[in-house]
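Letters A, B, C and D mark the chains as written, and numbering starts fresh at 1 in each.
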């Protein structure tokens, strides 16, 4: 049993992590910390965990956390980077679900996150936790930068095309749509039911923090000259991301279906649908599956990849557990085999 | 491993049953039948089961079904009653998720369901599958009438009060609200997104088929003179039932909290919340939990019980599996321990 | 043209009032005040009013407001009671959409609203603005206490029964369901999309502020011994209230349909549906209509009245304008004839 | 008063047309026909029109319709083309909200709509009813092909760029998202609440009927070589379309804000937002406004235009009335000045 602590589990990513960890056969959940909820029962805040998680939130105490073999950070950006070094030195492994270790360049990080990076030295050490890209490195990592929700979907959709250099690298467009849980569990006017239900809009069209994370990865696998236009949208879903990806094919004779099928044949959590299919976010609700299909409208030179995931699972907590399984030598799918909830 | 067949699994109850059965460690799913989908992959119709259920729908064939130890009927009303006798004679056990065997009185059944009952002799033999009421009979039953969704919530809320004869038996009111999945997966104008989203209404206020089912059970545990007003409503949820129950207390000095806690202390799937609590359907989404809380507004003589369940789980497929576990001597919670999906 | 000011129009009631006032042919909107938004364009905060309302929010200034003939307060509770006297003395008329003047008893008001009442002397003078109950008094009033959303629906449903003394006065139950806009436009965890979408729950079952308001009115029209159990619920609607009302009939021979038809025949905004009907909130979205239908399930002695309204229109801003029309001698329906938006 | 008939008003476009026509000061609604609902009250089918529309559906009778000065067809595709000639010959004007007259090329029409065109001769005569493109021709037209919902939003977003030849004509991408009302009011599994709520997907990525309509118009205003990738999506909205448009700028020094402001300065129903803005569909719910904003992410050479409209108003019924106003010499905004319903 892996002794696990969770720091800052009062958000949607955190509660989803607790739900999945509580069903994981190799995990012993030792500590769940929250400054604001210290002393309160976890299941009091999250009634879905009544009878499932018996712990009480404790105040964050790094010495207590050192007793864990693995610490998840489900904190806002800017927290994990202050505590990681001490925990790593104490022999803990870390999976950070925030953005603190996702970018390799501290200056770039500061530009997008608006603060100095507290542990730039760890940026190099941190392993980007996208198993489909980085599995071997993850297995031996001590510090995992768990990918963002948009980047997971967008990378999984573009990777096969870029790895094989089949598209013009400057032609990438990612039109992505997210459910409201992506905005987190915090009191904010923009996330009210009355603001988001029965309405649809883009946001951050001029630049979203996930852009540099996506570009960093895609640049590493593809050729020179990568450029990406990324427009996120808010859609009235609780959970779910749908990325619609566009790129210009260099050669329209490529067999896209074969390409994607081959690339993801052995991946337990990437499901390539048949030609002509349209994945829907409802089919991955609550599961760790990333489901995709590719199209070439009017047999033209634009490839369209449709990608769905549950932003809280494959886009956050589920992927974190997938990383944990890899780091601790467990079967990669352990604790993650639950089917999506439909309808 | 229990060899299991599912008849008619193209509805929401059916797909939920398949989801839960596919995660059950003691079940071998042998056959899934559908007249309309015969020959098609189950996972083609229900993409959430891709990679989880590999079966193809087969045409209903009672001789094939006889190879199963247990057959679930997830069919429309009026199907199971035609096939039950032959299957029972062949030694199969049956759990019927439709209404065919829920009423003991064939005349009453005909009145509400608009057709002659094909197997009135089985009505007596059938065991009403509400474990919290009928556990011992279920263990030895061959034919289970799995309760309706409304009846499950309403009975669990009223039972403690009636068993102890604490309320006036003619004073019961059940104001119940259901998500749209209760209307089933069939093309119907009234269930369209544009008709049900952002709208709320009562329906069948003059009489709903679940009324006689509820009264039949409550009459058996309580005193003479039971009467119930039952008004169902449609609310823009996918899943979930909320029953708000009202009754007039004979004596306001009763400790309601103690009553409910005692009654359900050993029940794995009934969760009594603390005084003053308000259960929400979101906290049971996808789980087999029935969660309730009781109130006595303004310290008056009206008791109010708030009850929530997922209509497709505790109100249908989950309860069916709970019954299966009891019938086959398994631990009652096997395959049903997944937490609710929140948010 | 009536010179109108609106104080505190940054909430959902406020923006709905502006929408309706901007389409009213006899209104000149002079001032819209907000402490937090002073200096900002109204249409910047509320893009639906772009091209419709050209005003800028101004800081509240009672001397400026005195130039208006009519001032609406769309403020939180506890604001209007501090400014009403000075405005009335200056000759302004006031319609208060908050709760400040709804109760006649200052002690009771303090009990439910948690603060001393600043102008208890005005409580007697204030006219309760439910036109169907109080039309003649409204016509000559200077200070209108605009009813709450729940009280409007519940009173309109119970009034005919109580006026004619047809039900046991101690038997009233109001099971009411509200859309999320009823919670207002303020950053609050409980009103987030992810907390309220796809979930349903009761709240304040032990006592809601609208209870004394409802009882105060119903007591005035009925006989001794009135008692009411009122359980509000939150349902995933943007707008809409559905009240399901229960009462015990003294005599089941009464013609309920006739009763309601007669009572509301001349009311422009109360629509009595045919027997057996089930009004839905979608049919009143955006309109000032209160639509209702009555039932007597199983021909028993419980009458069930189903009532729907748009909580922001007939339950707030529309009713306020209806009151304005009465106070200024206009046709009661002026500016309120827009049909509901369906779907 | 214009004598108006509506053919086939049992869908969402039809009921919206009735709502708007009933509030139009210059319209006398003479006839509403429906084969399936003949003899039933319009307000019985559509309770939002109770007290607003007193007509009964009549069986379609072309001789009766000839008494109208203007006939709207809100029928499925393939109906209007059979009746138009006779009505035109009788002196009626026609606005067809279906697709029958939108394409100039009968062969192309047949390819996308799967039937022979019954009146190919009228295709040339029909005027495409997008006032912002075609105002002068509309004024004198007898037969209007009212544009589709997607085409309206997409054309209004691309027109300024193409007219000025600022973008590469082969680089156009339209990633469009529609509410479920776009699928019409017909019993279909895919439009059920449980299939569409809390889920998001693309559809018809390989080719949607609105594609040739869009291309036909854009080709006429732009230069050679126009090509468009159009991917529609279904999003859990009742009403609303959001089009996210991408094109490659020839020259990044162009002032996009100025371009759009100038193009639409005098348009009553196109609202160009300030730089950096993100229009949301909620801000146009129920109104005839098309609201847009343009972006140039990372100051690159891709222009992104965000466009929203209510698919049933500016995308259908509202635009039809705008066309009617032009055809009959009324002020273009008559009957269309109602503000959007927010929240």
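Just so we're on the same page, a residue touches a chain if its C-beta (ideal position, glycine included) is under 8 Å from a C-beta of that chain, and two chains touch if they have at least 3 such contacts.
Note that this is a predicted model, so its numbers are computed, not measured.
K.L.:
Which chain pair shares more contacting C-beta pairs: A-D, or A-C?
P.N.:
When the contacts at A-D and A-C are counted, A-D has more.
K.L.:
If I average the CA coordinates per chain, which chain comes out farthest from chain C?
P.N.:
Farthest by centroid: A.
K.L.:
How many Å are there between the centre of chain A and the centre of chain B, using C-alpha atoms for each centre?
P.N.:
It comes to 36 Å between the two C-alpha centres.
K.L.:
Distance-wise, how many Å sit between the C-alpha centres of chain A and chain D, to the nearest whole number?
P.N.:
39
K.L.:
Could you state the distance in Å from the CA-based centre of chain A to that of chain C?
P.N.:
Roughly 45 Å separates the two chain centres.
K.L.:
Mark out which residues of chain B touch at least two other chains, giving numbers and ranges.
P.N.:
Residues 12, 181, 185, 194-195, 197-198, 236, 238-239, 279-280, 282-283, 285, 343 of chain B each touch two or more of the other chains.
K.L.:
Would you tell me which residues of chain D are touching chain C in their complex?
P.N.:
That would be residues 12, 15, 19, 22-23, 46-52, 181, 185, 197-198, 238-239, 271, 273, 279-280, 282-287, 289, 291, 337-343 of chain D.
K.L.:
Across the complex, what residues on chain A touch chain C?
P.N.:
Interface residues on chain A, with respect to chain C: 12, 180-181, 185-189, 191-198, 236, 238.
K.L.:
Can you check the complex and tell me which residues of chain A touch chain D?
P.N.:
Residue positions touching the partner: 173, 175, 177, 179, 194-195, 198-203, 205-207, 211, 227, 229-231, 233, 235-240, 242, 244, 246, 276, 278-283, 285, 295, 297-298, 300, 302, 304, 306, 308, 343.
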